[in-house]
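Pasting in a structure now, in structure tokens, and then I'll have a few things to ask.
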Amino acid sequence: MNDLREQLREAVASAFSQGRVRSFVCLEKGFYPFASIPAILHSGSEADRVQLGLSDAPLLAKYLLDAPKPAGIVVRQCDALGVSRLIRDRRVKREDLYIVSVSCPGVVDTAKIPVSPYQITALENAGDALLVHTALGRTELPWASVLLDRCLSCVSGSASPDADVVLEGEKEKLPAPVDYSGIDKVEHMTPDERYAMWEKEFAKCIRCFACRNACPACSCRKCSLDLAEPEWLSPAVTLPEQFMFHFTRAYHVAGRCVGCGECERACPVGLPLMKLNRKFTRDIETLFGVDDARIPRDVEVLGTFLPDDPEEFC
Amino acid sequence: MIRIGVFVCWCGSNIAGTVDVGKVAEESAKMPGVVHVEQNKYTCSDPGQDSIRKAIKEHRLDRVVVAACSPRMHEMTFRKCAASAGLNQYLVEMANIREHCSWVHSDMSVATPKAVDIVRRAVAKVKRSVPLFPSTIPVEKRALVIGGGIAGIQAALDIAEAGYEVTIVEREPTIGGRMAQLDKTFPTLDCSSCILTPKMVDAASHPGIRILTCSEVEDISGYVGNFQVRLRKRARSIDEARCTACGICISKCPTSRDSEFNMGLGTRKAIYMPFPQAVPNKPTIDREICRHFTEGKCGICQKVCPSGAVDFSQEDQVLNEKFGAVVAATGATQFSVEAYGEYGYGRYPDVITGLELERLISSTGPTDGKIRRPSDGRIPRTVVFIKCVGSRDENKGYPYCSKACCMYTAKHAILLKEKIPGASAYVFYMDVRAGGKDYEEFYQRSQEIGTRYVRGRVSRIYPLDGKLIVQGEDTLLGQRVEVEADLVVLAAAMVPQIDAPEMARKLGISYNQYGFFSEAHPKLRPVETNTAGVFLAGTCQGPKDIPETVAQASAAAVKVISLFAKSELTTNPNVASVDESLCSGCLWCMNVCPYKAIEEKIITERAGKETVTRSVASVNTGLCQGCGACTVACRDGAMNLLGFTNEQILAEVEALCL
Amino acid sequence: MSLDWQPKIVGFTCNWCSYAGADLAGTSRMSYPASVRIIRVPCSGRINPVFVIRAFQRGADGVLVAGCHPGDCHYSTGNMYARRRFQVARRFMEYLGMDPARLEIHWISASEGQKFQEVIRNMTDRIRAMGPNRKMREIL
Amino acid sequence: MCLLKILKTKGKRRMNYLNLSRHEGEWLPFAQAVEAEGGKKVLSCYQCGKCSAGCPVSFAMEEQPHQVIRMVQLGLSDRALNSPTIWRCAGCFTCTTRCPRGVDIAGVMSALRVIALARNVRTSRRAQAFHKVFLSLIKRYGRINEFELVVRYKLASMNLFQDLDLGLRMFMQGKLKPPRGIAGVRQLRSLFRHEKGGKRSGLRLLPGLQLTRHREGV
Amino acid sequence: MGYAYYPGCSLHGTAKEYDMSSRACLDFLGIEYRELPDWSCCGASSAHSVDHTLAVSLPARNLILAEQMNLPLMTPCTACYSRLRGAHHALRSDPGLARKVLTALGSEYKGRYEPLSILDVLYQYGPEAVGEKVTKKLKELKVACYYGCLLLRPPEYADFDDPENPGKMERLVETTGARAVDWPHRTECCGASLSLSDTKLVVSLATFIVDMAARHGAECIVTACPMCQANLDMRQRGRTKLPVYYVTELLGLAFGLEPKRLGLTTHMVNAMGLLRAKQLA
């Protein structure tokens, strides 16, 4: 684990020294000793701030937009999907990037640790378990039980192929299928129950747009929902407008969502936004035979068609 | 300040019969922006139109709504009318209260409020309409025909006959294409060159037609009426003006190679004419093998040429020219039958393709029209024909039917019997497809003269004691059958040119999964493409026989002619337009555009201190047809469709739902 | 809900097929309920699913989306995109609780005036049975 | 022999016509069953006969391979399953390799054999005997012991004396040794049980060697 | 590196000379291999006629064993080759079936390595390299290379060479100095799988193939398939009887190995006669 971090640190430093990058997007220690936050480094001297990010690592991709180019970035599989999303959306150019890819055992979600973060002194990755050190002692939790949701349906734990540097750790998270059970639950409700449920959820929404800002697929220079004319969305925070907002948001990322779940984590009121995104993801997979709708393609799934697409209208 | 005039039409009793026009007028008057309302018995009549013109002037109207019939009926009428009163015609909107209201309802109490809604919709929309100006584009009245096969020749002749200039671009040293290689043609059995050569000569001698051989299209840009085309004319090493085609050079040339024209069955010299009737009737030097170019030696041709036409120093020419329309007649090629290892083509010299047999039968061919088998030159007594080699075979070839093979195989069988009395012919087939005038009769004739049709596919061929053992199945007998053949002829599939996709990209047209060019509409627009001004002729669009090809070529020609008949094209101003300040440059719109009308544009702008460049979408209004698919693909709402803007549609929705 | 209640159906139709189909229904005097109000767009590919939400928001009881039959699009491929977009968008609206019957997508050619009539009749009946739409709708 | 004759030989008949309507309900499910057992794309066949033509053993078949395919297409399940052809197939895949429609003819044949055995269609006693013995040996030892295979098969198929000489010579050359079992045989049996729908899985492959999920490749 | 060696049932019985000669060649060329511990029957040529799933799960067990050794699986037997590759292919292309089989086996299969034929291995070693090791040229030995079915068909997964016009075996054999005759029936089926159940039929096939080889001037037949070898060897009834060798036997000879060690003495049709006549053994 640590030697991987060491390799990573060196990779970053040398990228600067070779003049490959002007800035580097990576993780560093955050407020909590164990949790990590995003950082944009501007010189090789800062290289030792680099962390692997055992827990609570945010998706780094979108920070590229603010990083001076050419920019380096440390990616796990999920970051890699985010980055290629941005490349596909032509918000960044591949040739402006220096991608260092690390294999990933999965990222711990401290929210899933039944201990208040204040008491946690340290976290430790012990193979199949997570060791939580507190002042009172040490608890052991099964590895899978404390991972971020996105890790539970990781496309692949191994490092991403098209990177400039590939660093493989000795332990990798194995790919797993997306868990659609949540979607199924909703689908099995009656329309009225569904509507009631979403009404309840959307009522919480304070329209802070955190979901939009966190999303690697929401990278428009100016979001159409902010326009005054045409008024796609009125500033009035009424329920119908909330439906309008969340429909549009989800529809705009439909077929483009990389499944990172950052929207959900960013949401201050805890809306189950992935329940919306994944609905699209699965429908697109099943309707148009896209093998893994989370992976960005050259042509957008909704921006293309096949003459023999399923026909359900008459 | 918006001043809308609403003109409600009675259409006699057509509308007034079920809609309370007075009430509609009354309600319309209350709508925001409406400053003038009028009723007319027949708004489309002259008095009706006059009243509109009058009102526009008197009330300084800057928007007009006509509540009457379907826009598909009279929109043009009222737009012209408004224009004649000095109002931009695109500030007129129609409310269809006849077809969509009075004619489908009988109860005035429901029809009237609906009519009001419909008017409100129109008012809401027109309020957000802006003046639009159709641009007119000039038409360069010169046609480019790509490909000098029978399709290209026919199209060129027809266009030129109508009095327009045509340029034929052919990459081979001569025009004529595949048809020139054929001996006779079904179902009439008249000799191919006898009907083709005259056309070739006509084309060559026609004042309106220019033929560029050894030439290829390198790049095409622009749009209908205004294509910029870059052509490369490869050096022929012959001064065509001087050459008298005496042929001495050819007879004296020491080097030779397999002749493409004879499908490799014969040879040709390094300086050569593909065939005697070639047009233009000038030799060409093949620099790949010519010893002057390979070894710097020789040069005999130059010495012997009485008119000093041989010019080794000649270089490729690049021509940049402007054309108004393009006809793609790039043709098809033959499936490479090596894919069928079990038939041993390439390993067994006496397994040949249909086209090779054509050359063996043809009097201009390597055997002077005597059918001799390649291996030992013996006259074959037993010939086996195998159909659908590469066609109807998704495993080793293509799933589609090549259409011409059934008939030319029947033809081959007949010709075989003519050339070699007593020879026996076997045809292995799955189905005989003889749809077409006199085709079925022709096929029956081939049966009546004793051709044995065996229903089944051949599984394999192997040589044994100088014979080819052909093993197949007679599915009607339900038994394996075996033929000891002297010669086996494979009816190879008709497949797209290898570089068809590349050509399609140059032309900005689409092609199907095999590489055949796609027509704009399978039934209703069979020779047009999705790119205005580009038309299709012949086998580049799909397998065809000669009659079909010629028919399609003439059809394409007519399309070109009717395009050139217009002095200039007015473009529909209802096209997509980009708000560059919003565009993030994802160019998703580019992918959905069926007309390749959207391209990337790099703009520079000041961001704070530094100036940055970024790419945005930009619409070529010459190509855009205004379908609006791009607007929905655009997430950041930068793409809009003039005349049907997001603002307008959203407003219409609001107006209707009030 | 009183029987004479007239649902409000917003119809988005493409100019070349479905709008013409509606015209044909008119010229051949095929009567249908006065529930539908048509918005003409050049192609079903121009219809943004967001328009549909907006319609429901502003008080539509039903929405009809109509275009040329796949393969017959005037712009050759517009309705193909529409088909994909609405297959997912429709599922999603249902997922949000919208009753499926309130949004219908049909391919109506210029020659299918009768089909247009039937579509409107059936749709109106179904929506009548359901009553006014209250979901996603602003209180007006 | 031609299709017509086959059509007459078997099956319910009214005035010598094969009544296809009677089989309407059958054709899809049967074809699906065949495809499920590995007979890919059987419905795509357009009866060109290339399979039969290339088949090394079709000369010894009453009904040609493409005719059997046809039976499947028409849903004539009894006739297809009773056809000796499916047992004559040597499984050389020449047909599959050459089929222009991508039909896995050899696959269809083995699929039909599978179904025939499952439904206990007693056409080829010999073949059935052979497979029975063969699998029983795998069940017992985990490997095939040709000596025992041959002996038991001969007993089962009642033609003791065929190849006796060969057998003897082989025995002399030590090519036919007495059987020996393997360690993982219990797990193999579980496979068979599993096939019978029995719940038994997750056995260890080798004594001491347990598969681990995460640490592979280390 | 190296290979997991899967002999298969026949090589422990009727085809033991193939086993012997294969090991001999591998040893001689210094190619590392370890016999797959506790390997089990791949189910050929019966399982696929009884149960589609069984036909995959039997070979699957061996594939998994090999994957645990983290070595590519290699087998001389073409029947096994076919079954193993078929299973490998099915496990990777048919998730449903894969789940069923792997749960039954209680393990997972990544399929990192494709199962190989010993010919693949020799090819990876390189025909030239093999040629260099040849000490005794098999001059003037006219050989008909016989591929049979399972190395080449169905090409979907058994793709050792061009299914209709292969040539790899010829290249290998010619490194020994022998001459490979060109004959059309090298991919024809000899009906081995019916050898027991339908002997009459098989005799005619085998005889025909051997005759064709003879007519094209071959003095012997070379194959890489125990079924073909046994079948052609036992069932040929033609006028001229041709000995049928395994590739590895000829290679072994060319390497100068002891005929006895290669099992050449245990053929049905006298294998030594020809060789002695040519002073090759």
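Should a chain be cited, it is by its letter among A, B, C, D and E, assigned in written order, with residues numbered from 1 in that chain.
Everything below uses one rule, namely that contacts are C-beta pairs under 8 Å (C-beta built on N, C-alpha and C of every residue); 3 or more make two chains touch, one makes a residue touch a chain.
Note that the coordinates shown come from a computational prediction; the quantities given were computed from them, not determined experimentally.
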Chain closest to the middle, measuring from C-alpha centroids that were averaged per chain: B
Most distant chain from subunit E by Cα centroid: C
Chain whose mean Cα position lies farthest from subunit D: C
B-D or A-B, whichever has more C-beta pairs in contact: B-D
Distance between chain centroids, defined by C-alpha means - subunit C, subunit D (Å): 55
Rounded Å distance, subunit C centre to subunit E centre (Cα mean): 66
Whole-Å gap separating subunit A and subunit B, where each centre is the average of the chain's CA atoms: 46
Whole-Å gap separating subunit B and subunit C, where each centre is the average of the chain's CA atoms: 35
Multi-chain contact residues (two or more partners), subunit B: 342, 460, 592, 633, 646, 650
Junction residues of subunit A, two or more chains touched: 232, 302-304
Multi-chain contact residues (two or more partners), subunit E: 163-164
Touching residues (chain side subunit E, partner subunit B) in the complex: 162-165, 184-185
Interface residues, subunit C side, partner subunit A - complex: 49-50, 53-54, 57, 70-71, 77, 80-81, 83-89, 91-100, 105-107, 135-138
In the complex with subunit E, residue positions of subunit B that touch it: 340-342, 344, 347, 460, 462-464
Interfacial residue positions of subunit B with respect to subunit C in the complex: 70-73, 96, 98-101, 103-107, 110-111, 113-114, 117-118, 121, 520-522, 530, 574, 592, 594, 625-629, 631-633, 641, 644, 646, 649-650, 652-654, 656-658
Subunit A - residues contacting subunit C, complex: 186-187, 191-199, 232, 238-241, 243-244, 246-248, 250-251, 254-255, 276, 279-280, 283-284, 287-288, 301-305, 307, 309-314
